[in-house]
Amino acid sequence: MNTIGHALRFTILGSSHGWGVGCVLDGVPPGIALDVAKDIQPDMDRRRPGQSLLTTQRREADRVEVLGGLTDGHTDGNPLALVVRNEDQQGKAYDAARWLPRPGHSDFPAYVKYRGQNDYRGGGAFSGRMTAAMVMAGSVGKVLLRPHGVEVRAHTVQVGEVRVERELAWEELPRAEQSLVRCAEPEAARRMEERVEQARRAQDSVGGIVEGRAQGCPVGWGEPFFGSVEAELARLLFSIPAVKGVDFGAGFRASAMNGSEHNDPFEARGGRIVTSTNHAGGILGGLTTGMPVVARVAFKPASSIAQPQRTVDLRTLEPATLEVRGRHDPCIVPRAVPVVEACLAFTLADLMLLAGRGAA
Amino acid sequence: MNTIGHALRFTILGSSHGWGVGCVLDGVPPGIALDVAKDIQPDMDRRRPGQSLLTTQRREADRVEVLGGLTDGHTDGNPLALVVRNEDQQGKAYDAARWLPRPGHSDFPAYVKYRGQNDYRGGGAFSGRMTAAMVMAGSVGKVLLRPHGVEVRAHTVQVGEVRVERELAWEELPRAEQSLVRCAEPEAARRMEERVEQARRAQDSVGGIVEGRAQGCPVGWGEPFFGSVEAELARLLFSIPAVKGVDFGAGFRASAMNGSEHNDPFEARGGRIVTSTNHAGGILGGLTTGMPVVARVAFKPASSIAQPQRTVDLRTLEPATLEVRGRHDPCIVPRAVPVVEACLAFTLADLMLLAGRGAA
Amino acid sequence: MNTIGHALRFTILGSSHGWGVGCVLDGVPPGIALDVAKDIQPDMDRRRPGQSLLTTQRREADRVEVLGGLTDGHTDGNPLALVVRNEDQQGKAYDAARWLPRPGHSDFPAYVKYRGQNDYRGGGAFSGRMTAAMVMAGSVGKVLLRPHGVEVRAHTVQVGEVRVERELAWEELPRAEQSLVRCAEPEAARRMEERVEQARRAQDSVGGIVEGRAQGCPVGWGEPFFGSVEAELARLLFSIPAVKGVDFGAGFRASAMNGSEHNDPFEARGGRIVTSTNHAGGILGGLTTGMPVVARVAFKPASSIAQPQRTVDLRTLEPATLEVRGRHDPCIVPRAVPVVEACLAFTLADLMLLAGRGAA
Amino acid sequence: MNTIGHALRFTILGSSHGWGVGCVLDGVPPGIALDVAKDIQPDMDRRRPGQSLLTTQRREADRVEVLGGLTDGHTDGNPLALVVRNEDQQGKAYDAARWLPRPGHSDFPAYVKYRGQNDYRGGGAFSGRMTAAMVMAGSVGKVLLRPHGVEVRAHTVQVGEVRVERELAWEELPRAEQSLVRCAEPEAARRMEERVEQARRAQDSVGGIVEGRAQGCPVGWGEPFFGSVEAELARLLFSIPAVKGVDFGAGFRASAMNGSEHNDPFEARGGRIVTSTNHAGGILGGLTTGMPVVARVAFKPASSIAQPQRTVDLRTLEPATLEVRGRHDPCIVPRAVPVVEACLAFTLADLMLLAGRGAA
């Protein structure tokens, strides 16, 4: 199930400690100008490890290479195949713990499912490193959306119990890139950084929430029933390793609301129909309403922590203590921001192409 | 996009005010004994409208008919086609408001998307009535899961701000069926009923949260990356009209936790590897761990309320006031319980068949 | 695998001796005027059994009913569900031979595959009766193609060793409907009728070839590689029971040709680029060229013949003699003509919608 | 539409004159020993250009590289990504004819479809070079089939009007590899070689027919209706550039037969049910019967010939004369033999995995 999408089909390749990771995009319309250095590499750089002490010290250049689908700087109708190589693989670091499944990791169920034949090094294809491919796919999505005036931005709204208390304006969001935790509200950002630093010093990790927004979607994207905008976005967002919750608009908070409070009244403004509030997160009946699409994505704390943890030896079923070595993020949320952005961009680009077809 | 699933493919048919609604299931293994009256009808009856004052007064027998796929009481390898007819359609009730999109409903984006050609009566294919088809698909899923010892139960854990404060044991869950709101904790159930009644009297509606659990899944269901258990479940759950949030295990609460707290330690118990806690909700790396699968599903308050609401006339863009007539649920959560259960059952049955294939 | 198509997805339902057969079409654009009596029923009537002594005497009204997808005479964006009921089922006729697989039929492999749980009556879902659903899907395809000037016609070009010796003009093809064998060349038609009559008297059957043509396709329909026009058409055509060969343009004859003879030279005519010959059958590189699409479809002789045949008792592996009772076609080719036409129409409509999306 | 398959999904990448060509296989069961040098490279070498004067003089090492999906010599559950680089690209050779579409080639419809943005060099993704990826996919299919006793062999049965007149035994087929045209019957092989040589000297090309057979398939592979063995094989076979016809068993010849002659009588032999003849080509009702699967695949003569041909200048619509330069095969049939074999192997492996799932 390494392929997702309908008009735009994204196949994800590779693993944490093999040759590299890649993304194959089938269905990209031909004739689109695509400049890897300007359109894709910057997002890759935002996701890249080793940006600060707050993230893993693994070093990867993550230089994007094109294996197909571009001719003379334009998409040519063939599958667009993009890869980054793995450079700083310290696979050996994982050998010691071959038989000791790491708590919170895929190791145990993957071992059972694949009868020990899975690529166990660093999570293999379950690794967070796979999100590099998601970012590439998303950057292409952004290129497709751009001429239609659709923009996507993500930012950190919670780390541990520290949260952004007010709703930020769209114009404030770019400020997130100036903070190590990618939070657009400076005071909250400062406290989040402290919170991550505290986890790091304790050889621990901490979770958080990323909000993604899309501005400029026209009315009516999304397909009937199983192709609702929420269903399509959620499927991709829940494919990001460590995501444990997704909601839209008022989301979980909507469950405590009355209909008279939650329903967004319609009004006409400048010849367009809008809603005066946006509890729906820009989606009604699974279709875009023209209001901003708003998704919140909950990340669990990174599973890899250096503290000793209780586990079981797969060979003997004896209890064991595990100390996960290697270089890990005390908080993956800052690096997850471009990933959430990518998921929104890819899915909306797919839904745009589907809608453009004129079919239901 | 009216089809979902991989080994088991579910196509949803019909609309709120047409001939009826139906479900076509392709890929059901042949030779499975299936008794519609015992295996499907009871779940349909749980979802059926008109069960109490707390739910809509629309009356539908929702008698399941088989159009294909059964021979001599067993599945025969052909698509299993199940339908229920619409009987109590008061489509006329909707004509008045043809041009006044109801706040919180699909009316507005559907009108734009379909250029006015959609079935506008009662939401058409965006109606909650479509969930009758989901329930049928889920009941078949339960039949497929049963011989493998997998059981699914859902129950209400929140209505408005009233919530179940403690974690309920699996054995307590059947008690939910004895409460009008399908809450398994009697004291909370009583307060939830009051909360719904209060909304009903105020011609308002109220949201809530349903928890679904699956017991007995073996280790290793789920497919790589985009086929993760979370991604697959979320896609189907977000197809339920009115769902605005989904999380698994500790879910959104995980974002406030440390890794050392969230990671579930492994231990061997009776020759099996289990975890001593279940913050992961039975899913690691997108694969089942053998622990109970736990999903929480947030429903917004029903959009149809009798209070006057502000909207816009689609023809003139003039402001208008709308009073939604017809018979509606002040709280859809109780009737959503079998729907959430169905989504879990269908998806897990699909993942079971995929896993059985032996392929990744 | 009861669903086919990409932008337009066709799910086939039912069986020969159950409730009926049906077709569910997902992805039909909304707002298309569709008149079942005028747009679908006439094609159904062409396929219907009992039209003459040359075809089976089974009697079915094959009256098309709509279960969803139409509102006020227009498609509404919901799945279009069309069914015909089975009326003249003489399922009992098949009971005698439950354990004696009919030569040339699916009975034996279906029995093994479904471990005896398949619907064995009259072939169940392997029956030629399923083609009624294909005709419905094709008629909808014709409706979608019509405003774009694309027309599809099929006719019989061979029955047994009797063949149409010259290439017929497009304008001659409607004459096929005036002949019992649906051959557009009167002298060949007369000889074909004799050939069928001879087979019928001998309690035997005879095969034949149907040619399908599509006029008016623009340049560039078809998708890259596995979505070539030939691949898409062949997949659907080979789903018709009894089809054992498909070729396009010069087809099998091309294998005996030189490139200098086979290559169709380009020329400009009236501002359009055309080819002076059409050995390619209107398809180059899997894409339409603007020239007529030409497919030939080989049907084996109907497997059901009244002559005694050698078979084996599935219970004992003892040799047995079987006389297939029931009412069967001595030659299915005349009734297959609208089915071939339907396959072309459905597939081209799907490719049209895909191409319209603007994507590769 | 660059992906095909169900349990086993094959995505094809690259183009004739870009970085290379590749194959991504998703769904390969984990734990399969795979030795690229022994299991894949030999088939690649059979397809490789430059083997004799009868084939193109383009030189490609076609050394298979693995980008993912193998760990310690075994499949690991991740997508298996295999590539070969393009080395001997003489793309410049094509520049001259940029605006002169080659008769018999995809140039013209691809130009229109992609509005001139396609990779025009040597056919780009429409090139026969893409079949290198098919061969890789097929070799993996063979590895999956081998432990189940299923073997696939293809050989040339016709070149121009020269054909093998008798039915060859399975044991004779390996002899095909000793002939330059890959024909297993020495006398016919000799005459075919002359026929190709004659075409080459005339700066012309010639077509032919390849027969593929699979021995050892159990009863009951294939899925209902649109997943029939014929439909699945045909879709892949018609994706091979230059294929214009496909039939199974008696195929087109069946259309001239009577049912009493064509129906294969059942008999029990050694406790197994077999048929005494195999006009069905091992497929009844779209399911394998246990008899050898037999497909015939018609190739048109290669479109690239050095003779002057008539075409039209795309810029001016003026008539033009084109001489296709570059190095081309006077007969692609010998090199197509491993490609047909690969298509059979891939599709049967996919159907095997589907059948193993136990579902219909």
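We just call them A, B, C and D in the order they show up, numbering each chain from 1.
Heads up, the rule we're going with is that contacts are C-beta pairs under 8 Å (C-beta built on N, C-alpha and C of every residue); 3 or more make two chains touch, one makes a residue touch a chain.
A quick note: this is a predicted structure, and the numbers were derived from the prediction, not measured.
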Mutual neighbours - chains that touch chain A and chain C alike | B, D
Note: of the two pairs B-C and A-B, more contacts are counted for A-B
What is the distance in Å between the mean C-alpha positions of chain B and chain C?
-> 39
For the pair chain B and chain D, the C-alpha centroid-to-centroid distance in angstrom is 46
Could you state the distance in Å from the CA-based centre of chain A to that of chain B?
-> 26
Expected list for chain A, residues touching two or more other chains, is 1-3, 12, 26, 30, 77-78, 110, 113-114, 125, 224, 360
Inside the complex, what are the residues of chain C that reach chain A?
-> 7-8, 26-30, 77-78, 224, 353-354, 356-360
What does chain D use to touch chain C in their complex?
-> 1-4, 6, 12, 101, 103-110, 112-114, 123, 125-126, 130, 158-161, 199, 202, 204-209, 219-220, 222-228, 230-232, 234-239, 241, 243-252, 254-268, 271, 273, 275-276, 279-281, 284-290, 298-305, 307, 309-312, 314, 317-319, 355, 360
Where on chain A does chain D make contact in their complex?
-> 1-3, 9, 11-15, 18-22, 24, 26, 30-31, 66-68, 71, 74-79, 81, 83, 110, 113-121, 124-125
